[in-house]
Amino acid sequence: MHRTGENRMNATPVEESLREAAAGAIADGTVGVVIGYGHEAGSDVATPLFARTPEQARGLVFDATCVGNLAIYLPKPEVRALGRTGLVVKGCDLRAVNVLLREHVIEREDVFLIGVRCAGVCEPPLHKCTVCPVHDPSGCDVTLGDSVEQPTADASRANALVAEMEAKSIEERWEFWKRQMTKCVRCYACRQVCPLCYCKRCIVEKTTPQWVETSPHLRGNLAWNVVRAFHLTGRCVGCGECERVCPVDIPLGLLNQKMAGLMEQWFDFQSGLAPDEQAPFTTWDPNDPEEGIL
Amino acid sequence: MNDVSETKLYRLEADWLDAALGALERDGVEVLAPVKDEDGSVNLAPVTASSEVATDYLNALIPLKSVFMPRTEVLIEYERAGVGDVEVLPGAAPAGQRVVLGCRPCDARALVMLDSVFNWDYEDVPYRARRDSTTVVSWACMDPGPHCFCTSVGGSPHSAEGSDAVVYLAGSGPALLQVVTAKGAAFVESLGDRAQPAADGTALPEPPELETKFDTGEIKTWLDENFESELWEEVSLRCLGCGACSFLCPTCHCFDIVDESTWKHGERRRNWDSCAFCQFTQHASGHNPRPNQTTRCRQRVMHKFKYFPDRFEQVACVGCGRCAQNCGVGQNLVSILSRIQSEEKP
Amino acid sequence: MTSEEPALQHVQADLEPGRLIPVDYRPDKMRIEAITVETPDVKTFRLTFCDAQKAGQFAFLPGQFGLYSVFGAGEATFCIASSPTRKGYIECSVKSAGKVTGELHQCEVGDTIGFRGPYGNSFPIDRMKGKNLLFIGGGIGLAPLRSVIGNCLDWRDQFGEVFILYGARSVDDLVYKEELETWRNRTDVRTLFTVDPGGETPDWDGQVGFVPTVLEEAAPNPENTIVLTCGPPIMIKFVLNSLTKLGFSLDAAYTTLENRMKCGVGKCGRCNVGNVYVCKDGPVFRCDQLQALPQEF
Amino acid sequence: MTEKKTTAAQRDGTDWQPRIVAFLCNWCSYAGADLAGMSRNDYPAAIKIVRLPCSGRVDPMFVLKSFERGADMVLVSGCHPGDCHYSSGNYHARRKLPAFRELLGFMGIDPRRFKISWVSAAEGNKWSSLVADITEEAYALGPFQEFPKCTAPEKTG
Amino acid sequence: MIKLHIDGQEAEAEEGQTILDAAKGLGIEIPTLCHHRAIPPVGACRVCVVEIRDGGRPGLVPACAYPAQEGLVVETASEAVRESRSMTIQLLLARCPEAEVLRKLAEQWDAPPLTLDAPLDHVEPPKGVPEGAGDRDKCILCGLCVRVCQDIIGPAATAFAGRGIERKVTTPYKLLSDVCIGCGACALVCPTGAIDPAEFCSHSIEKIPNEFNLGFDTRTPIHLPFPQAVPNKPILDRENCIHFRTGGCGACETICPAGAIDLEMEDEIVEEEVGAIIVATGYELLDPSVYEEYGYGRYPDVVTSLEFERLVSASGPTNGELTRPSNGEPPKSIVFLQCIGSREETGPGKPYCSKICCMYTAKHAILYKHKVHDGQAFVFFMDVRAGGKNYEEFVRRVSKEKVATYLRGRVSKIFPHDGKLVVQGADTLSGGQVEIAADMVVLAAAVVPSKGATELAQKLRISYDQHGFLSEAHPKLRPVETNTAGIFLAGACHSAKDIPDSVAQASAAASKALGLVVHDRLTREPTIGIVNELTCNGCFECENVCAYGAISPKDIKDRSGATVAVLANINEGLCQGCGACMVTCRSKSIEVQGYTDNQLFSEINAITR
């Protein structure tokens, strides 16, 4: 592939060990492909690299441009056809892997996880990185990189944006989202990039009945984004990919954060911290909150 | 369409924009111009004052095609009329007179391609109506961006194809306006004395240099031979199968037709669609002629650089670079094409 | 390739080069006059235009299709399954497969639906004149053939021998049962009806076997024969093999494609097979030309 | 209660009547509403009832679609916790639906327009007073049209 | 097989059997005292003597110890036998004139009491023995108790001590024994009821209250649950059984003539697949001790109506003699209080009418009068609700014939005074306060569902009302069905009702159940879920929410038999059609027939038109 063999001269120690681990796993047949990050001209962020030979693995990089969540590729049949999948994961990406395991989308033995300790990506670090509880991915087959000081996640900061929105009046909120949702073109990039949107048939593609109107008018867009956020409630791991790829820059993360916060507040639940957790919407407790029920 | 035989050049006064906006408003003509929204992206939107118009932008996020083929439009409406019967209402009223003031030449050039499809034996009435009632005044590019490659696909930062008039806003000097069509000429009329015929011999500014990245002819030669090629799988693995690239592409025109109805009332809408979507071609039996992302990626490239030239003698890409810029996984049409180019000439 | 057959000819009657036909996507209203239940999931609808003027003007060629709309559900593509020689109505046979077809199956006689068309090319009637005709249909694939069979039988003297081979998965899945009976009772038509092994009933007096097998056993004479076939893709594939074995030339065989389409007029971008658009260049294709296309159907 | 209706209508001088779509579980709330009917309890007619097996069958999509179709208020009512005919359906509803309401509220769709209640088969009186109360509230909130009608084609797509 | 002749009939016996056994086989009863099947015979009491006429050495022999022999000719009631037996009985009776068995035998065998010069002296019982059950005067010194303890149970806690007239059964040094396990086998085998194991045992032997008699008397660990129990077989209460508590004893096992007891047997959970379930868990009474003012629980003579039922019952703790629990005297005056905890809108009681109390109180008054002819009965009532065939007439008779004095009003207080209970209440008809000095007070406490009924309902997934009474599917049209297919209700578990109503409902439930089980195939509502295998992701979120465990993984195989996917599958027998899975499935891959998304979509469309 055109990026193969692209070998940065000044590879960092992590990158060296990453390339080694990946090349080794490919060479000894542990995996059929390693999906990691590569650099490509014309792209500000690292792009997914599918290394199928040890040489191609030399193109792997790991730096602050590695924002993407590669777990998205795990369920894809095209990728599975390449053999066992080696996946480069940051701590946050691992949360998505955990949800995929929890939801039986993948089996643990089908993936070879190359964890990389990560202090945060982008300059300045992304919001998700500043509140990340899992800088150090645990449960990987290999874990690389220096250990990272685990900053105590500041809950107030985690929800600052949500709180700001909630401080607004209902009308202001409506105006805000109306403007945002009007922009949506229904490209579904948000869905396609989400590692947890793996449905064989998305609800918008179900025509009988058509719960979500496919037309990119405000009504359809609202329905789509409400459904997307709700289908990810208790599941979204906050990787922020949806918001990143939205070509019209709708702050989708805000919706996800709102719902994640709610799950934490109501059910003391954070998604993807372990592969054997029980999603809040698939269980219940007799003492669940009753507020607002008449 | 309505080509004026001889290109005419005008010099524009500094306040030409206000004059134009004022005059057009008086005539009841709606003006669409680049406007920067609260989130910082630039899009074509109705304007009434020159202060609303953004000039320091590379290109609109949503391409010009949306003016002629909105991302959603009502094709027909109907009303339930008794048991098992409906009354089909006339479609949406034809669009009024509009002027697009300030699209980029690549977007305007894309209209030529859309015209080919929408007037291919069958004339698409809603498209044609909007096209007829809209004057396209593009602003020539003086400073192309890193993703731009119009020159590689037969265009130019100063291309006048598809525009009714082209405005050159060059540095501190006076703006020039080139009339391309009768509609463009009519637009100049509306400027009154704010537009003066340029002195004979006034030269248009030289278009800025752009590296040519590939040769569309050679690409087509390769595509003609390589419907089956491992390259398709390689380049498609990372593609997410979203519609971001095609929705933002000024030449992509695939659409869906859906009915949206309540008990009484219904609308048949035309919405943008994308060949990248997995359900796009799926049959009722579950059979899918393009069952995976590899075949769908191939379709997009083939469509633009082989099928379109086969049928319309032009590639269906104007080199705006939006697809590369907006792809979440850095899928880059230019890199695929360069790759093909290198296959062609090893 | 025979000289009188230019490649992928536009047989479309009113599509003259240079003249644009406006499409505003507004359907004409049609009334359901009759509904025949063909199989558990196929119904045939007989439709007449609500507007008398439109009814008078309307004409089509066998093999053409239309876009039928159930208001509130949407549009779907079906070929016109009645013969152009029978004026005053059109018929379509619809398999319930999804939203529109599902809703259509809920409709009753007297209900109004919409119709746009006819679109697409047609079977090469001109070329068929004077030739022996072999029709090979499978399942609901008999629908487009029915139109051309009807046409040919109504002008029976214009053609040579007529042989209709039709098969379905089971006796239940055979469509147009009454018509099959009429054809069988005609002396100037040879018929062979078959069901897949296991699909027969105790009183089934036709063949049992897959269409290609039955075709090979029947061994029709390739001489001066034009083949028109339609059915599920897998059947077509094996029928073409068998035809080649029997000495038929694929440039004398035609079939129709059913790629998904939304506009029907070459704009929406779905139905292309390579650079060929099924809606405008098809749906009828000559088999040898089809084999040269990318296998995207 | 009929009285209230007229006063509300007179208040703003229109004939407008709110449309309240109610999704009731078959075993408790529907039976409760039935009991209210059998007991000749009077309650406002603004409420339109959809019967479901269980409040756990109420897909948030129903709520959304009702709003899209012009409902001014949506009510979901099921058995009291612990009384679900299917033993836990209402517990599932009690997690999903309030969360959905939070989401709607966050996006500026007035959460007061989405009511959730538990009404048992024996609570015919609760049902009638509940309907009376929320109908009154629906009058106070006024018509909800922003959402259903927001399909205006964008100027530039 | 040994053949012999007893009283002229041919008898059969097995090797090792005695004449007694052989006679029993013929239905000839030979009286015996010291014999117990489980204990090797010694022939100590000699009540069982029989005469050998032929086939052996002729003479009198104890039948319990003499082995059956081929050709023996035995007479069980010959003159010689009668004489000997009568004398033996006379002697025994002289020693233990109080022993009921001896008196009966004496009557039967014509043994008039001997007149003795002086009564037999009695010996002090061991130290620390509580007053009580056993009556050492009844001991005939047969030694069964000693042998059972020694030979069968094992601890050998007792033995004979003393000689002659002093001879008696006691523990070493006459101290309470540590080795005694308190099994009571001695008491069990004692023919005359002379023994109370508490006399021997150093640890306390708990009395087990008899549940059926509401604790008014006691029972053994192995016992018949109640008279007329079906099946009429004893049950063993492991919690109290010595064997299960100490590992010893096991007397019952050895003793049971039918060999029906197997202490090794483990409790087992029997799984039955059934086609229908009828729930008939009945009711119990609200515990009236919540009402302090009535003193229930504090004053023994304040009883509930159910307790009263036992106290007057012929099979009850007092064998039908009505006595005051406090002192065993017949109650000369009695007060019945109705509506204790019924028809109470607030407070600890129930808002409903318990329906049966008016009737049974009237019945109780009659029963009372029947037992205590000169007694006086009073009934405090709120209303008399005697709807039902002949009910009103019945109650009217009770009040008219002055069986009881009916006082309309409530009792405000009951307190003990001078050995009586003073009942203070209002008589709203006369408008005055009344005070009745009663010997007994009977509280007609509210009928409430049985304990555990709601848990059972949850297990069965049937619904119940706020009081815990199980709910019928429809109050008019499906009064015996529950909402869950195949489960029916009968009796007071559904609401307070009397026996005729319970029986009527039970009959209906039985026929409904039969209607189900006589068919080979179950016809059920078709509202069940179906998974769309084309779109199911196999995430099994649906499995997590299904309360019926109806969803399980299904392997999807390709033509070669290889598993290509594992998808959800719904068992249509288990699915109840609740739809929880549908809502949980994001890909909308489940449809519950009858409530499909399409149907609901159309409904929403239509309703909002």
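Just a few scattered comments:
For clarity, chains are labelled A, B, C, D and E in written order, and residue numbers in each chain start from 1.
Criterion: a contact is a pair of C-beta atoms (placed from the backbone, for glycine too) under 8 Å apart; a residue touches a chain by one contact, two chains touch by 3 or more.
It should be emphasised that the depicted structure is a prediction, and the values quoted were computed from it without experimental measurement.
The minimum number of touch steps separating chain C from chain D is 2.
The chains touching chain B as well as chain C are A. The pair with more inter-chain C-beta contacts, choosing from A-C and A-E, is A-E. Of all chains shown, the one whose average CA position lies nearest the global CA mean is D. Ranked by how far their CA centres sit from the centre of chain E, the chains are topped by B. In this assembly, the C-alpha centroid of chain C lies 82 Å from the C-alpha centroid of chain E. One inter-chain figure worth recording: chain B and chain D are separated by 46 Å, centre to centre, where each centre is the mean of the chain's CA atoms. Distance between chain centres (mean CA atoms), chain A to chain D: 36 Å. Chain A and chain B have Cα centroids lying 32 Å from one another.
The residues of chain A that reach two or more other chains are 201, 203, 208, 210-211, 213, 215, 217, 220, 281, listed in rising order. Along chain D, residues 59-61, 65, 69-70, 88, 92, 96, 151, 153-154 each make contact with two or more other chains.
Those residues of chain E in touch with two or more other chains are numbered 534, 545, 584, 597, 601, 605, 608.
Within the complex, the chain A residues that touch chain D are 162, 165-166, 170-178, 182, 203, 211-213, 215, 217-220, 222-223, 226-227, 229-230, 233, 255, 258-259, 262-263, 266-267, 280-281, 284-286, 288-294. Only residues 59-61, 64-65, 68, 81-82, 88, 91-92, 94-96, 98-111, 115-118, 130, 134, 146-154 of chain D touch chain A when the two sit together in their complex. Chain C meets chain B in the complex at residues 15, 20-27, 29, 69, 71-75, 95, 97-98, 101, 107-108, 110-112, 114, 232-233, 258-260, 262-263, 265-275, 280, 294, 296-297. Per the touch definition, chain A reaches chain E in the complex via residues 103-105, 198-203, 206, 208-209, 211, 231, 278-279, 281-283.
Those residues of chain B whose C-beta lies close enough to touch chain E in the complex are 262-264, 286.
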